[in-house]
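Take a look at the structures listed below.
Next, two complexes with subunit A in common: one pairs it with subunit B, the other with subunit C.
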Partner chain A sequence: MSTEFRALKRYAVPQQFALLILAALTWYPFLFLLATSVKSPNQFFENYWWFTFPFDWANYAQVWPKVSVAILNSAQYSFGTLVIVLILSLLGGYTFGRMKFPGKNVAFLCVVALLMIPGVLTLVPLFVEVKALKLLGTPWALILPFAGFEIVIGIYIMRLFFERLPGELFQAARIEGANEVQLLLFVALPLALPGLGTVAILDLLFTWNELLWPLITVGDATKMPVAVAALGFKGEHQVDYGALFAAYVSVSIPLMVIFVAVVRKFIKGIEGI
Partner chain B sequence: MATVSLQNIDKFYGRVQVLQDINVEIDDGDFAVILGPSGCGKSTLLRVIAGLEEHQRGDISIGGAVMNTTPAAERGVGMLFQSYALFPHLSVSKNISFGMRMRGESKALIKERVANAARILKLEPYLDRLPKNLSGGQRQRVAIGRSIVREPKVFLFDEPLSNLDAELRVEMRLELAKLHDSLAATMIYVTHDQIEAMTLGTKIIVMHLGQVQQVGTPLQVYYQPANRFVAGFIGSPRMQFLHGTVQGVTAESVSVSVPGVAPGIIEVPCEPDGLKAGDEIEIGIRPEDLHYRGSEEVRITGLTTVVEYMGHASYWYGHIAQQERELVAHLHRALRVDRGSEATFTLNRADLYLFDTEGRARRRLQVDNENLQTQLAAAIA
Partner chain C sequence: MTSVAIEQASVSVPRSRLRLTSRWVPFLFLLPVAAELIIFRYIPTFSAFYHSLTNWDGRKKDAFIGFKNFTDLFNDNVFRDAFVNMAKYTSLRTIAVLLFAFIAAELIFSIRNERVRMFWKIAFVIPLVVPRSVIYLMWAFIYDPQVGLINEALNLIGLGAWQQPWLGQSSTALGALAFIGFPFVSSLAFLIFVASLEGLPRDIIETAQLEGCSIWKRIWNVDLPMLRGGIVFVAVLLILEGLQTTEPQLILTRGGPGTSTELPAYYLYRTAFDYGKFGQACAVGVVMLGVGLIFTAISMWLRYRSAYDVD
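Moving on, here comes the complex of A and B:
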């Protein structure tokens, strides 16, 4: 038995125990969310910490009419943002990652510097701008600012991704006669899919969960995205925790399904960076 | 098929000059090998020919047309990269037909050429596979296939065998030689491996520090190296150099004395080319020219430090009195020499190489090798 293996074995039990505690700490809020979402108000006050039986599905029935509308709204906002972010991240990342031009690094620094600006500082100027462009009340009031925030990290990730792809692939394509557009469509794009998957996941997480900006700009209750709609179940004087948490669970499911579907690509993309 | 002419090529990376006044003529159908150690500029030169890198001065002509600013795709070259550069998301047939599809060739033509390439390269069973499901040798063949379907005027190879294991490398080397014969195409091949260069090339371009050191047939660079660098680079084990002094010259020989080497004055048959009595020189000795206890007139005795028994041959390493440098000799595989014992070797004075203090070689005059003469005659033809 190697020394290494013996050392591993010696620490195995405390290590596993520590991991178990960490896993429990991570998982408990989700379990708490699930447990509360299937409790009646009485059950909630009877047993605060854990599941109670029988499950009360009334909360879901109560929130679904509003939540389903919000999910559709959010899908619209997120999809619109995603399309813009993916196209611009691909183009920007490719340009910064694979092309040579004077001032490239300065231009890139200018883009990355945007990451340093706290989002909250931009709320007022952004609101004034969106209002001046007469976009308030339209989906673009959410889609364009969301895309504006997300393309920065998107371009950053895609640049790193493209820089790590072997240059010989692009040179080979060039020698074979591919023009710039063909290079982008037939070489860069297929190779960039894992990277784009990563950008897409990060973008979806952001747009789906964003609360503050929609709260400020969306006045119409029927156009609320999920984060704002879910918050709506928290009344002014009392909180219906069962309904609130059922709404949280409902709005999380689409994102979870998407994440599970693309998690392998996501990890591949992160490895590629 | 085409000639390639490089005239006065200079290339800089910032202030660093990586190619210096490169002048090379490559004939139609030549298999030209650019040979040199790492960092000598050989791959850069190939990339300049391909159009993947710009050069600052000089002219590149392919098939008689100057291509200095012509984009890579329009130079009519096919290139094989060290990493093969296969598109990982495309099947073998899509990889092979990539260039034709990008140029919008007809489907019928693409199908015909891909089938033809697959047959030549024995890739027919693998056409639908992705590159990741192929062996190194198969990937190499796909990369070759991608080049040949476009029927380029010139093939460029950038160390294409260096990622293969030793056995496969020998196999692919033979296949490349056959490919050159069957296509009769002009090929330019970059390598640091002198065996590849000697076995594949019809012309070898030896490079060092961004400069061409010598252009010649494989045996020419072996038997008539232009300078000390080429002499030391070609041959394995390397040529060994010993200090000496010129004692006298005639039109066809230089008499030298070399400490530790008998007789005291050796008449080396070579062109003196400016050497005179009293000049410092170096003589070069190839390990394979030394014969243990032989009968030739030049004798060297050394103290054995190590003997490597390789099986097919042995290599003797030892010190010579009055010389700081170690000598290496080729021993017959059946011979045994003990460490610490004295060993005497002999060699023919015509097998000596002579270099001046600047490293320039003197032309040897009694090189008697039929293969060299045949290669030279073929090169002239």
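Moving on, here comes the complex of A and C:
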């Protein structure tokens, strides 16, 4: 250990300092958002740059009725998408990662080739198709197309994951007489949980962020997910920055809470790709 | 073939049934995947190619008009501006993100203690989950001419004369959009770089130190060549993301002032949903796919043309 990093160690202090500056630049706008969200209009003009005391929670109470609707909508869309994405990624990843069958490579190529097809290319045809399938106005108009985009990377990640598992685990179960479905449910699924976790986080990031597709397909303002609803707040609260930022902070919190709980595993998962 | 199969079946029924079912299992498992991808990815893709050659509007029956949509596009000044803007925006942003993500990754890699490294990684990764539209709205405030953070900060340090309506004038608007998210460390690019650096073979780093190689030389001669795979991968992702950008236009600028922040993906959106020209919009999509494929091909060539790679 000593020689490898001896030279590097000398730089540790300036490096930590540089990281601190980058972190401050990254975090300050978010802290500003947070600080302003607990200010009354007067406090905003008293102290622009930092937190003022006492905190004024009125902004949150004011925006909560609309924010909670948006969060529930997003939760519904995300949950639906997540279930489909996890099931299909598991099926696809397991089949490509652990089974042999004719045409496997071509089939896999047909899946990953979709990574190259940009969403904007299919924006219009997909809209017309979803309309023709009479899905508009239902959550499926978001869930099924979202899943179509996310399972591509999901299957890719799960295939890598299954290929790296030792084959003996599966052989042992096969010798014991397990059929393919039992193998999938009782051997593959429990082993796949860490991989599925990474897929789930990437999936949630995608679903919560997507703006254009719900903007086009969701007609009803009370059915909008958070990404679109956030735009509406701006029109409503114009220069009432406290209320506006309270809305922004509120819609950011649910995913933040989940993410903080799993961030270490997520980082490890990304390192495995 | 069938007679052989029947003969075998009569000899040992359970075994052949097992073989028969297990042969179909992979296809059975892939069936839902195939259904989802064909319905929601492949059909729209082929539909886009076909309809790019028609005057489709989503209502009347469409007629085949050859390459008229494409010639119309390149005769449209707005689209040409959008295309030039895309080149500027995407290259500026890709370079900036790669640079800052790489610098931050090297800074973290140089820290010896694994726990401290994890702390910094988490500190930079957490903001990744703030919804992107909130990020853009936050930057709308940062650029605000009256109360925005940048103009207030300029005022504070006595440079009030430098205050600008950053998004409101064509000279700064596109640059301001490219700058959104500064310092760009909170990104997947950063995570991938840190992971690749930590995956470098230790003996190479060690040898570099023992040979008296300076940090800068090591970064230039060891880290960068060894990380080329990761860098190219991230660059492709960033370019594809840049090509498809619509959010800053939808949220902040609507493509203006003038055409200064117009980008092709936003142009596509307006062509379809403001003007009802679905066929023309599909043509824009096909052009964008072409641009994406060209960039990916170049990146792949950069990736594989030399033998530095270890993975």
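Note that the second predicted complex is superposed on the first by the 236 of 273 C-alpha atoms of A that agree within 3 Å, B and C clash if a C-alpha of one lies under 4 Å from a C-alpha of the other, contacts with A are read in each partner's own complex, and residues count from 1 in each chain.
By definition in this document, contacts are C-beta pairs under 8 Å (C-beta built on N, C-alpha and C of every residue); 3 or more make two chains touch, one makes a residue touch a chain.
The structure displayed is predicted, hence computed values, not measured ones.
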Combined model on subunit A: subunit C and subunit B, fit or clash: fit
Touching partner for A:P166 - first (subunit B), second (subunit C), both, neither: first
Which of subunit B and subunit C A:V111 touches, first, second, both or neither: second
Contacts of A:W27 with subunit B and subunit C, given as first, second, both or neither: second
Which of subunit B and subunit C A:L212 touches, first, second, both or neither: second
Touching partner for A:G177 - first (subunit B), second (subunit C), both, neither: first
Broader residue contact with subunit A after superposition on the shared chain, subunit B or subunit C: C
Vertex subunit A; arms to subunit B and subunit C (CA centroids, nearest 10 degrees): 90
Which of subunit B and subunit C A:A192 touches, first, second, both or neither: neither
After fitting on chain A: smallest Cα gap, subunit B-subunit C, Å: 6
Contacts on subunit A seen with subunit B and repeated with subunit C across the two complexes: 179
Interface residues, subunit A side, partner subunit B - complex: 166, 168-169, 171-179, 182, 186-187, 190-191
List of subunit A residues in touch with subunit C within their complex: 3-9, 11-12, 15-16, 18-19, 22-23, 25-27, 29-30, 32-33, 48-49, 84, 87-88, 91-92, 94-95, 99, 101, 104, 107, 110-111, 114, 116-129, 144-145, 147-149, 151-152, 155, 179-180, 184, 205, 208-209, 211-212, 215-216, 226-228, 230-231, 234, 239, 241, 248, 251-252, 255-256, 259-260, 263-264, 266-267, 270-271, 273
Of subunit C, residues touching subunit A in the complex: 21-23, 25-27, 29-30, 32-33, 36-37, 39-45, 47-48, 51, 58, 100, 103-104, 107-108, 110-112, 118, 120-134, 137-142, 147, 149, 152, 182-183, 185-186, 188, 191-192, 195, 198-199, 202, 205-206, 209-210, 215, 240, 243-244, 246-247, 250-251, 265, 268-269, 272-273, 278, 281-282, 284-286, 288-289, 292-293, 296
Touch list for subunit B against partner subunit A, complex: 50-52, 71-73, 77-79, 81-83, 85, 87-90, 98-99, 102-103, 146, 150
